[in-house]
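Below, chain A partners chain B and then partners chain C, in two separate complexes.
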Partner chain A sequence: MNMSNPDFHGSLHAAPAGRGAAVEFDHISKDYGDLTVLHETSLRIEPGELFALIGPSGSGKSTLLGMLAGFVPPSYGAIRVDGTDIVAVPPYRRNIGMVFQNYALFPHMSVAENIGFPLKMRGCSRGEIAERVKRALAMVRLDSMGERRPAQLSGGQQQRVALARAAVYDPRLLLMDEPLGALDKNLREEMQEEIKRLQRALGATVIYVTHDQQEAAFLADRLAVMRAGMLEQIGTPRQLYEMPGTHFVASFLGEASLLPVEELLARDGREVRVRTPGGLVIRALAPSRVSERRAVCLRPENIVLGPAARERDNHFLGVVEEAVFTTGSLRYRVRLPGSDSVLTVRVPSHPGIELLAPGSSVDVGWDAAMAVTIADD
Partner chain B sequence: MRANASEPLWRIVGLGLTGFAVLVLIYLVAPTLAIVPLSLSPDPFLRFPPPGVSLRWYEAFAHSIDYQLAILNSLKIGIPAAALATACGVMAALAVVRGAVPFRRTLAALLIAPLILPQIVLAIGLFPLMAKVGLVGTYPGIVLAHAVVTMPLVFITVSAALRTYTPSFELAAMTLGANPWRTFVHVTFPMIRAGIVVGFIFALTFSFDELILAMFLTSPTTRTVPRLLWEQLNYQMTPIIAAATVVLLGATIALLCLAAFAATRSRHLSGGAKGVQP
Partner chain C sequence: MADARAGTGARTQRTPARAWSPARRGIWLLVPPLLLLGLFFVLPLAYVLIQSGSAPKGPFDTYVRIARETSLHYPLIYTFRTAAIVTVFALVLSYPVAFLISRARGRWQLVAMTLVLVPFWTSAVIRSYAWLVLLQRRGIINEALLTLGLVDRPLRLSNTDIGTHVAMVQIMLPFMILPLLSSMRAIDPSVLRAAAILGANPARQFAHVYFPLTLPGVGAGCALVFISTLGFYITPALLGGSSTMVAVAIEQQVSRLLDWPLASALATVLLVLTCLMFLLYERLNSRLASRGGA
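Our next item is the complex of A and B:
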């Protein structure tokens, strides 16, 4: 990631870590007539946490955020911020900061007026507004831009103004709805750094909605994968990537190869031996949380090709079906013997390595600890 | 079409089209403009072509007490009617475009109905009602009637203005601590101001030119310019009518130019400011 912006000018106020709000969704749900957009959901977000909600569009993540902001009244349940139910509190009294995907900067106001707007609504004096706007502009490194109109700024600058505006009144909870969705890739990575730094400086709890799994994994302390109005899995980015509970989570976060499981042969603590429909016997990890295990999930970088594969817990002789160079790695599709299971394998690329030819046989192997059984859905 | 412009056949077709468009324009505008030479006639009767050129009827118009009173009445009726229509039209547009109201399509159609229905229907319906409450011939009576027929104009222009930007601006204002009223004052109003101004001018223009409701609901003391013109046409066919009409036409065109100017200026101000990408 891009680390080229070290000149962060510190927080608006001496913001101690741990001043963020605790958020609790308590058996919350939302339906429009017969259409349920959010099934009964309970979720607790810790003070100061950067929590990401990810999932495809229509999965309910924006509904959850809208409920917290006060735009979408829940059909059932309670939403508590620091223990107080806020469902009946109108949006303008919730004191929650929000950054929108299209930034929603008021086009008829200057940058400084935009940032000063929440302070004006709170009845701050002119002098105080000027002072705090100045500090907020410095914080997002736009010191000289106060007099400009939003339309005169670049996308990244507009985004920073939106951040400053949502943070200038020191909310203890910040909501971000795909805040980087409209930016190009390089700028997005730079802004991710900025958001992370800002969050640390403010100490606020941040709830971040995105459909970009890389962004979520980089930013979030914890994340929740949503699907069809339900929480599919919650955990740290590493937990979700390495121990996905379902096929959906496994393929939503990064690349995964799935081998179907026909029969459980043996279980020894967390390790199991399973048989695939093609007759392959595979050793893998089985986290106990989910009862129904229907497939083995493998990440492409955890599979070894060549002679070294023979020393692994699982070892087969496969056939290369496809071989391509991608930046930084060689990417193979390898068919396992006696089945139509094809594994995606990624091997670090360097000048001393030959690209295997399609059609050639190759040893494929991985340790039991690198394969995880998941619910196949 | 453009790619084929060099081909003679297409060139002829193109010229023909242009010629046709010019003819249509003349057909539409000429009858209206025929009033201009009529108004310059020195003759005491309306006839075409006028036998000479004179400004005597403009002079007569300028000195006519009847017309002075009628112009004053038109303003006394048009301005409050347009203001009332604007207040109601803005609220209706906000409710239909931004509000969570059911049947919004039906509602929008109903709101536009007074503009589409024949005014004679409204006039015949309103007359006995207004007579019952004693509003026939009074200023409030005709102001209310004109507000009803012009409200759709404001509703249409303001709805269009509201649809040019996403509601996230208002949602943002609310998360930042602005209650609904302050959200309207600081965010919604500045963003739809041009639509409101244009709607008001349309409403004023409409009231200024409206005849049928004025015939039913005004009295000789509250009669408007169009009603006076109509009455004079029935009794005396002097070119003072033509002179008055030209002045009315000029005022209408000036107001419409003002509306066009307001619309262009707002587009220029907020150009590219819809807040998406650089």
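Our next item is the complex of A and C:
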């Protein structure tokens, strides 16, 4: 598949589909004395998958990655790569590629020496090293930079060297620890494309740690949201955004408005009718386990304002509290009648639309399929 | 518009003469140190230089003697040999110590640093006397060896090269440990983790990454120790054997032979050689820095 990709400049090898490694965390945990940084966690990552671990700092995502690399010994449990437990294997025998947040390039070596380092450690001949380094440099579009020192490169270029160094020995598993964290926004988006392209070309399994939810959603096949040393939810980016299981996931991925639920009134298949403490009756989706569900989650772009709102499953007359223009959209805070609930609403902006004045009444509406009940914690 | 711009152009051309500059503003601050150095360092040094040329047989006679008389070569050769030996031993002993200190945490680091710095703050004279007490015929080391029955007669430790070298190495250790430590602390730990995950076992992590990254500290420490050792006086004077360091030879010329011109010439030669060593170090260092891409 990589050969048909016109973007692909030079293959390190003919990457067979499915050459990535399968990774399995089996009931692993980590504590430092009384402090548990990772509670018992089990997780399976499929071969060739780009799997993102996201969460705020201290949530345990870097600990999980450090265990896979061999820098952090787990307190309990097993980590299996293609079925073999690697907990007792030192990092230098794991044959895993890794890109670090600050790139961790060797400052005393040239770019070519940096990329050739893993090959040298594997006893490759000089000729083979030169050949593969050349191809790796072409792959990350740094063909003429081989003789430079890392300090003479820009942040984005250093990042590409780190990528080439981690990929040059064809590891079946690549770890990336916030690799784009130090780059500015435009460069970050460019590099995201590059990483996706590379991953497809290499066919390796990639485990990607980030606290940037947009980056994770763009890159990942599946992602896990972590919180306080536990996996909060696992799924595709779309599943997690559209069907968040908890308040935490809903507000970590994108923007969400939450309406508290006081009572479940009726259930009809996946659809429920619930009542808020303010007495509003709302129709929403309830994916599972209704008893635990304590709030309704709404995404700002799914709420309709104005006359069109009257035709939706849920319709109320709200009051505009706040109206702001942001690039691309008008952002409102709308208070629902008889309650403390305030919804965040985003409406596409264009010259033909008036910005509603704060204090004015407005029709607010959304369909049942656009609201999801979640566990409120 | 064009006129206005021309006007400002003319003004900016005039301004540099009167522009406020922090560098020029503070220049008078240099007067006290320059006075101090001039009176108590440059003038006496100039006097030494003048005196080295005041021999009755002509201004260059003393230097010709130093070049010709082999008995005057020995102190110079011995001094450089001693500096090299002391530097090598100080490096070999300091590297593991600095490594352990750089890895130590919290209180242990404080304890270790104190152990390094307390001797550093103690005068070399006192430490040389202390070594004399330890190494002499009836010193602690000999008494201990005799009591344990390991030797029959006291070993000759003081007034030998070995005793002098041991004491000099000990006195020089902090000058080696501190630069090594600062270069070790500057190493980003993730660089070593990167080496590990890329396939380097601990020995290769050290050889290919850790040691090369400490080379600036190794260079600075060796230069400090080597250059400082060239000027050693009190320790070899107290503990030294039959061979003499240049500084001791100078003292002998002055106090025993009263040959001030020759002593001054020897001092000048030592100063010039020391400066040459420093220049050599600077050249090596800048080459190293350019290789490091800084």
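We adopt the following convention: the second predicted complex is superposed on the first by the 365 of 377 C-alpha atoms of A that agree within 3 Å, B and C clash if a C-alpha of one lies under 4 Å from a C-alpha of the other, contacts with A are read in each partner's own complex, and residues count from 1 in each chain.
Here is the rule we use: contacts are C-beta pairs under 8 Å (C-beta built on N, C-alpha and C of every residue); 3 or more make two chains touch, one makes a residue touch a chain.
Model, not experiment: these values are computed from the prediction.
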Superposition on chain A - do chain B and chain C clash or fit: clash
First (chain B), second (chain C), both or neither touched by A:69: both
Which superposed partner A:169 touches (first chain B, second chain C, both, neither): both
Which of chain B and chain C A:122 touches, first, second, both or neither: both
First (chain B), second (chain C), both or neither touched by A:154: first
First, second, both or neither for A:218, with chain B first and chain C second: neither
First (chain B), second (chain C), both or neither touched by A:94: both
Chain B versus chain C as contact partner of A:241, first or second or both or neither: neither
Contacts of A:108 with chain B and chain C, given as first, second, both or neither: both
On chain A, positions contacted by chain B and by chain C: 69-71, 90-98, 100-102, 104-108, 117-118, 121-122, 149-151, 165-166, 169, 175
Chain A-touching residues of chain B, taken from the complex the two chains share: 166, 168-169, 171-180, 182-183, 186-187, 190-191, 269-278
Touching residues on chain A, where the partner in the complex is chain B: 69-71, 90-98, 100-108, 117-118, 121-122, 149-151, 153-156, 158, 165-166, 169, 175, 182
In the complex, chain A residues that touch chain C: 69-71, 90-98, 100-102, 104-108, 117-118, 121-122, 148-152, 165-166, 169, 175
Parts of chain C lying in touch with chain A, wherever the complex brings them together: 188, 190-191, 193-201, 204-205, 208-209, 212-213, 215, 291-294
